[in-house]
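Chain IDs A, B, C and D follow the sequence of writing; residue 1 opens each chain.
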């Protein structure tokens, strides 16, 4: 932490800041410039906090210099984390594609999608049983019935299941059925839910909040890691910007940045990121080229009849074609699908 | 809902869209232009949804034209809602100021603030017992102990209490202690929590999400109203923009807009909106000039020692001075504090 | 400037950074923490720059700590600048309202507006002769003919004129006619134009760029000040955010912040900030409550027939009513209209 | 254009709107719903404008439905435009990489970069002689001297030149030297400059404005096309969002979207988009995977000594390595570098 004093700060004010720094557990280090004095506070910012220094007389500003996360940081753990789910790994050489409908609607729908995404090479099935919807009048998901259908599909088609939990009360149920527990974008800072999934050992797919900085996203992961669950998969799914043509603005630069700052694997959801099926395949290719460890792609047997997010869903046929292209991009960056 | 067809859409494609519209419960209405055909879908969009029309062949885009909320809309209820809490009203001629610390820290702290904000004219005390914090290493609040201190302070100083609920499991407890239940910005789309508070009759203060449009905010209110709780108070508290000097960008234009679109009262939290105490008083004045029904202002006896958000807290003295100015602005717009 | 070294930086790397700092004209100051070494570079960042230090081996990040502007800063000039234009002042006790149509359309239009805004108390007439339009097919302004009409109106109604310059080639002409030269939001970083108006002595109204931070805005002012023109008036006119209900997001917090960081006067344009006439009066009141030194308000005798921006223009009648309310708010904050 | 009437609009108000629509040159088409009447205005919105209809009594809102650009639209021209510059083409099968320093600094610097980027396979050299800088105290470019050095380098190394024009007055000079004239992000809506380059036949590289929507960007291209210059290359270079870790947020989804909406070629500048050299290679690969027709990449022989933007420049060695990977990605999407 660096404290920049006002250009008119008095000696007494400087001394008071030093005293406060030291009483908070930091060591103080002064640099006297021609115009201003700067004070370094040396110690663990993550634990010691800012000690209210910004409000002391004569202080102009306080600049944090350490990342506020520890467990999620590559400084803490240099090698990348590889997460094992069933017989697949996330974060290794193989790019994992999690495909399926936005919402679980029926056994027929789920079986049809499962069969086709499996045939195209996907190993993980996505599908929501609990759906966060902007409107209370929209379809809210099949709840436990949806989870059962997912389990049935898993058994029949040999796919792993990723599905969203929205509520601490249904977490035990979701955790029972899911292979990977998804925390959605609207719950990225639902700290009670983060803590609760942190007490499980099942992998957690943590979506980036709609307006979360990369740092805030890693802090949300820190909540989970801090409870003991080390299996966190980060998922970029578009941030909110001023552009209205797309549903969100897919921030692919988050992929190499997260891999630089953190040891956790990162996957990309181009379906939510763009919101229009037409642009999902090129952005899926771009995600892999940028270094993503996996993808979430919405696939529906008949998008125009989907109860949720049809506009961003691929047909199984388009998905199959995309998988072929993905394999070529993966190869170009030294990986495989 | 208006459907714009591609400039090359065939007659068969147009007919298929009309058929789909009608089977979804809408009436269809065609307008054939020189370049394109436009189809109006007449009916209740809120309930009928978009019926997957965007994905039908020949469709260029689908434009919704009705607001997706009903119960929150001024179309539904022309006169403004006035909410009664204890012996005060929110939404009437009197501007209610909710003042107090970010977090409840101790009895001494709370009593001191309560005495002073009461003396300055505030009727409602704010203070968090459960605190949403970006870092798992920050102070998380006193929990039930904090609620008890709030209740003790209420009894002693005759103030009403507004305090935040973060979790469905602690809602019964919070609802027992609070006069107004606060839903924080990170939980604006925690739909399970919204539904649960909707089953209480106690007033709910619903903060705008960090990147929520006004429409999404009103949709969140709709979740609460739809469960039966009509006592929703909206609270603008700053949105996320590219500007980094302020903690958030306080969107005061939301005040007259919400009052135009909705019958619900709206208050402003300049403390979180700006994040620096120095700029809180002018923005509090501006909020009232813009038509706000109330304010949330953070006040701490010693901001430099605060366990949370000291940088944006006013001292009791500065708060008292601000109240005097607020009274003058209120009078200039035909209201009182 | 503070240089944070990587946690694994070697002694040789630290020494190389110190050497570079010193050869760039700074003094270096080391603070060795347990985990990292931090190096302060003491000197004038504005002039010395960053010297490429971020790219030296072992450097984690470089944090600037001084504001990059000097002439615009309150550190440089503690008392607020009051600008005199004809017989009015901007930045003093009186709030100046600049009212008139978006675009000059005809003598009749201009005379009617001028008469009415004068009667309501405005002393400065706004009106564009050169119009920046998103579409090449929209009305682009009357050019010199428009300037002549403005001059005629000035003579007849005793109002001062503020009008926009878009091009260095027409600047001499605009400067001949205008009392205040306006630089529009799209030209805030048209550095050649900034330099050219900096060589005049006429006041310049510098609008904030659509996505300019407050710091970048003050840097644009610095370009003008640095050429010798000290008469810069800053104008907040809305920034771009994700909210689509309003044309822009009016950032009123910029008002007290600019007055804190800089000695320059600041005015607000609620018409462009909101884009819908209905919400202009409350936001004009809020701007004055927040401390603005003046306002730009679009007024048109018949907004529905306006060639430009009718949707955000007030009728003369509504403008008159707003001026009465503004006087009350001004009085409440110790000023007058 | 669709006009949505208020739910309480009277018959007389509806008739007045119809009359206004017709007098503006549109045909009107009514759809009467249960709650509201909707009126379609059929005709060319680009030319007829909105006719002030939003302000007529009884009108709730006006929704444009046609794209406001024509010449830039794929509706107008279905096949993609391929631009020929010297012996290279932009928009065809070959991905063109434009590489070089941010600013031209000296002959030695330019010759060294030119030799190395040529050897790595680039055919176009980038380099600024006129530099837009946020601070008036930063290096502003070598001006005509810089153009001469670019010309000398072209002759010696057989590379084409792309360089920025910032001012209408220096345009003739820049156009004399450049093979491709660059319009920078800050000038995307400098309409006078757009019109002037529109009168040349040389290709124009038009960077997206920092907060420009894709539609506004295409409208800026429309200004150029409308003057007769059909050789417009669009360049995505990052937009402004709330994320502060990167200089800008590179919006790669703009690539497939622009190619869908427009026939113009689109290239990507990952150097400005990210601002940190480390993340430039993965984002360059991602851009090509997303369908970009080319890249702008900053390369400097010694980034730590660069007078401008060293932090985002690749060394020639890293650039060479990136070119090899780009060739593999290009092949995977059926193209070549």
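Quick note on the criterion: contacts are C-beta pairs under 8 Å (C-beta built on N, C-alpha and C of every residue); 3 or more make two chains touch, one makes a residue touch a chain.
As the structure is a prediction and not an experimental result, all values here were calculated from the model.
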Identity of the chain that, by mean CA position, is farthest from chain A: C
Same-site or different-site touching of chain B by its copy chain C, using the half cut: same
Centroid spacing, where centroids are CA-atom means, of chain B and chain C in whole angstrom: 30
Averaged-CA centre spacing for the pair chain C and chain A, given as whole angstrom: 38
Chain D, residues touching no fewer than two other chains: 211, 240-242, 244
In the complex with chain D, residue positions of chain B that touch it: 2, 4, 7, 27, 29, 31-36, 38, 40, 42-43, 61, 63, 65-66, 75, 240-242, 244
For the chain A and chain D complex, residues of the former touching the latter: 211, 213-215, 239, 241-246, 249-253, 255-257, 260, 273-274, 278-279, 282-283, 285-291, 325, 328-329, 331-333
In the complex with chain C, residue positions of chain D that touch it: 46-47, 49, 52-56, 68-69, 132-138, 166-169, 186-187, 189-192, 195, 210-211, 216, 219, 222-223, 226, 240, 277, 303-306, 310-311
